[in-house]
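Below is a structure I'd like to ask you about.
Each chain gets a letter, A, B, C and D, in the order it is written, and its residues are counted from 1.
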Amino acid sequence: MKQHIIVNSQTIDVLAVMMLMATVLHISTSRLTTCVWAYAIRSFILACASGLIAYYSGIYHIFITTGITLVIKVVIIPGFLFYIIKKVGIKKEVESYLSFTLSLLCSCGVILIAYYATEPIIRFESTFMRHCLPVSIAITLVGFFTMITRKKAITQILGLLAMEDGLFFAALSTSYGMPLIVELGVFFDILVSVIIMGIYVYRIKETFETTDTGFLRELRE
Amino acid sequence: MIQLIILPILQIVVIVGLSPLVKGFINKTEARFQCRRGPSLFQPYYNLTKLLRKDAVVSETASWIFRATPYVTFISILIIALLVPVLSSTVPANFTGDVILVIYLFALGRFFLVLSSLDTGSAFGGIGGSREMAISSMAEPAMMLSVFTVAIISGSTNLSNITQAMLSYKLLSPALFLALAALVIVIIAEAGRIPVDNPFTHLELTMIHEGMILEFSGRYLALIEWASCMKLLILLTILVNTFLPWGVASGLTFPGLIISFAFYVVKIGFFALLIAIVESSFAKVRLFRIPNLLGTSFILAVLAIITHYIVS
Amino acid sequence: MVEHLFIISIILFAAGSLFALCFYRWQMLGNYISLILAAIASCFNIAIATSVLFNHSAIRFNFLLYHAIIKYSFLIDSLSAIFILAISVVSFIASIYSLGYTKLYVNKRDTRFLGFNFNFFLLSMILVVTANNALVFMIVWELMTLVSFFLVIFEYENPLNRKAGFVYLFMSYICAVFISVAFFIMFSYVKTWTFDFDSFRYAGDVMPAICKNIVFFLVLIGFGIKAGIFPLHLWLPLAHPAAPGNVSMVMSGVMIKTAIYGFIRFYFEFLTPCPPWWGVIILIIGAASAILGILYALMEKDIKTLLAYSSVENIGIILIAIGLSMIFKSYNLMALSSLAMVAGLYHVLNHAVFKSLLFGCAGNIYYSTHTKNIEQLGGLIKRLQITAPLFLVGALAISAIPPLNGFMSEWLVFQSLLNGSNIPSVIVKVLTAICGATVALTGALVATCFVKAFGISFLALPRSEHAQHAKEVPVIMYVSMGLLAGLCVFMGLFPVKIMMTVNHASTELLGVNIAKAITSYDWLQTKTLQTNFSEISPQSATVFGLMFLAITVGAMTLINPGFTKKLYETWTCGISPEPRFGYTATAFSKPFRIIFSNLYRPRLEIKTTYSVPKYFVKSIMYISEITPIFEKYFYAPLSRYVLSISNKVRWIHTGSVHMYLVYIFITLLISMLAIRW
Amino acid sequence: MLISILLVIPLITAIACVFIKKHNISKYISVAGSFTLLLYNIYLSYNIYLNHSLKELNGFFYVDALSLLTAQIVSVVGFAAALYSIGYMDAELHEAEFPEKRLRWYYFLFHIFIFTMLAVCVTNNLGIMWVAIEATTLSTTFLVGFYNKKPHQEAAWKYIIICTVGITLALFGVILTYHSSKDVIGEIGHALNWTDLLAVADRFEPHTMKLAFLFIIIGYGTKAGLAPMHTWLPDAHSQAPSPISALFSGVLLNCSLYGIIRFHIISSKCLGPNYSCTLLMAFGLISVIVSIPFILVQRDYKRLFAFSSIEHIGFIALGLGFGGMYSIYGAELHTFNHAVAKSLLFFCGGNLFLKYKTREMESIKGIIRTMPVTGVILIIAVFAITGIPPFNIFVSEFIVLADAFSSGSAFVLIFTSLLIVFLVLIFIGYINNIFKMIFSEPTDNIVRGEVNKFTIAAMCFLLVFVLIISFYVPPIMREILSQISDIIRNT
């Protein structure tokens, strides 16, 4: 795709920042359901972004991606998560190793690092979409960070999904999405992995009477 | 011909014949020092002849080692007698071996003696044997080093060559002197004289050599006693004829031999006297002081080597 | 022709091991077949070695079976031939000895693996000294280690044997690592991807001095471990006693010599020219090993451990000779260097013979009494009537008593030490002289040690039931030992033959043939040894001795024809003698324990228990043991340190998934920051 | 068509296994399937040997020597594992460790696992490669948690969480690579095709590529068990059924390493070899270091083997990092050697577990008495894995180290000398732990005798490879290896 499409980069950047905000919301909230909602919202924004990009760049297979995103990430996965939460009957509070303020500070640091690391790249970047790459890395890292701090299995899944969102956004914004087959494969994998994790959350609840993965410390040196 | 037949016989005769006399002489002089008349000079001969005629009592525990030992000891000393320049500096059996062989032949005798001492299964034999080995292994390096000094100075380890070299090498260099001092101490230790060992004691706990031969009797005892006398004489001979080879005949002329014999007797006599003086003026040192004594002689020998290397 | 012999012998060894393995029902039969095959193969190898030595024709093989980048190439030059000779002679004896010795294990345990490993062991040693390629050398070297390891832990029920085996394995792995690194460094300068020794030969010319020194030390430690020099001897006194008698015979007799072979290969072929101080270091290490080895041997009660320590001592003496040879070489005194080399190789052969003899006799003792502790023995000379004199011959030979072979090599060592006076540097001169004194001291201590070994275990009264009821061993065992004893005498009486044989190797190594220089004729018109210092003819000495013997005996009978011996019990202050009165090994070596007390650091403990009235002693217990310095102050702390460290580190596997994620996260962030620089 | 068949075989086998209800039949089907796979793979490898590389479906599949070796390992170990599974799983079923109907799913997942790994090897598209690697995780999660007891679930959870996170990072790496290539790569359909990327790799945007390779090595490194991302590995290996553990350390790690290597090639063409080589060396050395204390002090033999896998992967990474021709050659040889030897070890471990019902090493005694064959094979395997001559791993290590020394750069020398010290420590730990089990008096309550025939057969099958490579590397393999080292150094 050598031909350069002038995408209205402001909008994309705005969307990027909104996704970041959604992620931060994900950190700052203490309600599990809110986290899931945050995920749904972020996926929605992602879908919008991909739609825009598809529209502007005229690479139409991105529309397919958009559709799949809407179906899987906005509808199915949150639905599945709500189902799991109800079925397993997890307490609604999010338990964390770090206090919320502290984890917010940490995530700020992480975001800074993301910008710092990508600085040489975006320096050479053409004028548009300067924020996309750092933001997507930031989202990934913050998602990773939540996986570390959150105790419950389900919240770890959410963190993982956050990482995936960042990833998708990176793929879309920096290089107009990957080849379609790859996208499909990735979607499939994510779906399956979430389902498997859900199953395991269920099983762990069955056997350990808790979904706090901090208690899984049988196997150690 | 004469060199090959007469001289060896002569040497053997001198060593075998004179050795009891030396012992007798030392005893006599010591007796004199103690203001006794003491036994006659020829008492050792009487003892030996008496012993040789006696039958033997052998421990029933003992094995063939015990019976073989006297012969082995005696013969090893006899072989040594061939290798040492006694009258003439040209030793007939020169090719047979050198001073290293001499030292190791002594070791052969000792080896069997100690074995026989263990063979009887009595505690005294063991005491004597283990002490003997301890002392001799302390003495060995010092001896070897002092011999090395002479060997390196004279450029050979064959005793006769050493003697010849020494004949030409008139003055007594400091290296030689140190080596001599070392060797004297070693000889006292090897021959089992005071202050290392007391040949007269039969007090169990102080015995070394006597302890080993406690079970021997009859001709066995005779052979061993004789062997020890010869050992002393041979050590002295090595001492006098390598370090102070004055008057040793270089040729094989009859008068030359006579003269050198006279010199030999005098020198041996002198050292025998020295031993007697030492024995009657010192007390026997404690067993575990002996290493210090021998250590001293070792240090002297090392010094000898070093001085030689530094000087030359 | 000879090439075929070599290949046939390899095949025979392999076949032997397989035979041993595949007979399950008739294990004994399989064992016999394998051992006989091994014996035949050894004979072939003897033939090869002699032909190589006397035809001056090196033999090369390149087996087509090649590796990723390496050819399996072997070379038999005269140096290898000398070692093949030693190995094969001992292998031959050991094989036929084992025919008897393995009876010890019949129906007690699975002898298949014994035969299997034994054959492979012999084979691997042959291959080690013939390998002509670094990788192949390492392979066969470790093959040797492995099979000998399995032989060491053959009786693995005994935890001591297990420990011995593991220590042995660890040490020899370290040894292998050092040697490999030495090869790597040399290789990095030679840069031919075949790893052939031919490319390493005279690699010394292209290497910078610093690398050569590093390689020197690597090789020193690497082969030093195998040779058992102090303080790397740790495994040796453990492993050799643990192995079955026939095996420890081979291990102590020749396996440790392969390390000497390695030293010679490296220092005289790969790393030439070498600076004098290398030789000096070897000399000092040799002296230290000799003296310390024998000092520890002196304290031993276990006869096989005692022999193992004395192997350390003999390796020391060999190293003294090798070191001297290096020094002379570096000062370009080639003739003297060759003399020293001859002395060293001669002692290699001698030690192979008499140490195997001694280990074999120790095996006989174990066979008939089932104990190796000489305190338990005594009076065996009346029971093992043939083993006793054989052991005596071995003891005399190892104590360098003329006219046996030990004396000749020691004499040569002394001669070469004396020749140290030709060295320009004064310090080295003095050092050689002091080494001479050390060798003398060692000799005396060896004599003491073996007087103890023989006297305490064979003489006096039996001190235990085992010794009481000892029976003479099967014929084959003492016959094979008899062969070795004969060799001892022969090599002592005809040193020139051996010397000439050895001389080929040193000639090829150093390019100077000293055959003419060091032989002359004595009055018996037999060749005798002579150096620029002196000459010696053991034959004539022996002849004189026999003459004197005849004379003395004759005289004795003349003086007292009706001489009678009355048997009576030993005088023990009037009590009838008991076994407990006899001197024990501990008692015998007591003076040395006191004299060298700051080396041994003996721990004494006397427990006295009184009976009810406080005046009568019921029993007195006397415990005396010596601290092995290196084990206590070096090896033990090291291992403790490593273990504690690793225990501390293991907390990182906390088991919490969050923690694990943290590791990844931190790694990610750090490296993201890192790549900006 | 050649390559597609390679993928189809395990797929069919899997489906057949799951649809046949009776596990007695399905187990033989699985063996047959994996055996055909093995044969076919040999045929394929001969093909590659003739014409160096093979493309299919207009470049969607691409097989060259590098992928061939990995596929080869997959099929060899796969067959051995399938064979072993029969014996092992029957024994476990006999012990009623799990309900019978689950066995079908075992074989199904087993072959899906093999399928995904083959897909990793043969695909040309880096994105699909990522998908396949993620698919390996997903297909094996249930195998790790197969017995579905507490520790197994825990292990499975850690496994899926850590690996998915890592993999996600790897995907980011893929995206960044794509991003850095987007200015130079042309037609979008072929975007992310490795061959096409490599062709133009020298014109990539370097900074992005740097970041990309970083993400890749951390992401795929997690799956490959490079420290400090290795933490899932010991748990998963110790809890999975032994054949699966064998596949894990024998094959799975190599597959993810294969992923790293592909990117390593690209980035070393784009940035010059130093960058990626340094990263590989760093992570490799860290892995070796980290594995040491756990090998020195260890209670559980399966964990021990797992940690030694970490060490060996680290060694391979180092070998690749040294970057010399022969060091890469050696490293690739090492992958094969490690695969067979380590699988062999895990099989021995499986037999021990069947016999003694425990993974605690101090409660296992006298193997050589109770199970002579397993004991002997275990000895050989241990010697092989610790790199003792004359066994195969020694050869590869020797070659790698020799080349590292001859490279002459001080940096490499330091790494190598450290590495050698560590190897000694690891050896000591190994022998100390294992031989206590082998040579000792067996406890009386253990019945003598082997577990069953199939296990022994599988072990002998691998043993043959170990011994052959120890003394002789067949010319075809040598050719393939040298081709690989050419590919990696893209000369």
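Definition applied: contacts are C-beta pairs under 8 Å (C-beta built on N, C-alpha and C of every residue); 3 or more make two chains touch, one makes a residue touch a chain.
No experiment lies behind these values; they were computed from the predicted model shown.
Colleague: Looking only at C-beta pair counts, which chain-chain interface has the most contacts?
Modeller: Looking at every pair of chains, the most contacts join B-C.
Colleague: Would you identify the chain whose C-alpha centroid lies closest to the centroid of all protein C-alpha atoms displayed?
Modeller: Centroid comparison flags C as closest.
Colleague: Measuring centre to centre with CA averages, how many angstrom lie between subunit B and subunit C?
Modeller: 35
Colleague: How far is the middle of subunit A from the middle of subunit C, if each middle is the mean of its Cα atoms, in Å?
Modeller: Chain centroid spacing, subunit A to subunit C, equals 71 Å.
Colleague: Compute the distance, rounded to whole Å, between the mean C-alpha positions of subunit C and subunit D.
Modeller: Distance between chain centres: 44 Å.
Colleague: Would you kindly tell me how far, in whole Å, the mean C-alpha position of subunit D lies from that of subunit A?
Modeller: The answer is 31 Å.
Colleague: Tell me, which residues of subunit C touch at least two other chains?
Modeller: 650, 653, 657, 661, 664, 668, 672, 675
Colleague: Residues of subunit A that contact two or more other chains, please.
Modeller: In subunit A, the residues touching two or more other chains are 117, 120, 144, 147, 156, 213, 216, 218-219, 221.
Colleague: What positions in subunit D touch 2 or more of the other chains?
Modeller: 157-158, 161, 165, 169, 211, 234, 294, in rising order.
Colleague: Hey, which chains are touching each other here?
Modeller: A-C, A-D, B-C, C-D
Colleague: State the interface residues of subunit C toward subunit B in the complex, per the touch definition above.
Modeller: Contacts found on subunit C: 379, 381-382, 388, 392, 396, 399-402, 407, 410-411, 414-415, 418, 421, 426, 429-430, 433-434, 436-441, 443-445, 447-448, 451, 454-456, 459-461, 520, 522-523, 528, 532-538, 540-541, 544-545, 548-549, 552-553, 556, 559-560, 563-572, 577, 579, 581-583, 587-592, 594-595.
Colleague: Any idea which subunit D residues touch subunit C in the complex?
Modeller: 157-158, 161-162, 165-166, 169, 210-211, 214-215, 218, 222, 228-229, 231-232, 234, 279, 290, 292-294, 296-297, 326, 329, 333, 368, 383, 388-390, 394-395, 398-399, 401-402, 404-406, 408, 417, 420, 423-425, 427-428, 431-432, 435, 439-441, 471-473, 478, 481
Colleague: Using the touch rule from the top, collect the residues of subunit B that touch subunit C in their complex.
Modeller: Touch list, subunit B to subunit C: 4, 52-65, 67, 71, 74-76, 78-79, 82, 93-98, 100-101, 103-105, 107-108, 110-111, 114-115, 118-123, 125-127, 129-131, 133-134, 136-145, 148, 151-152, 155-158, 161, 214-215, 218-219, 223, 287-288, 291, 298, 301-302, 305-306, 309-310.
Colleague: Please output the residues of subunit A touching subunit D within their complex, sorted ascending.
Modeller: 1-2, 59, 117-118, 120-121, 124, 133, 137, 140, 144, 147, 153, 156, 160, 163-164, 166-167, 170-171, 174-175, 178-179, 181-182, 185-186, 188-189, 192-193, 196-197, 200, 203-204, 207-208, 213, 216, 218-219, 221
Colleague: For subunit A, which residues count as touching subunit C in their complex?
Modeller: It is residues 97, 110, 113, 116-117, 119-120, 141, 144-145, 147-149, 151, 156, 213-214, 216-221 of subunit A that touch subunit C.
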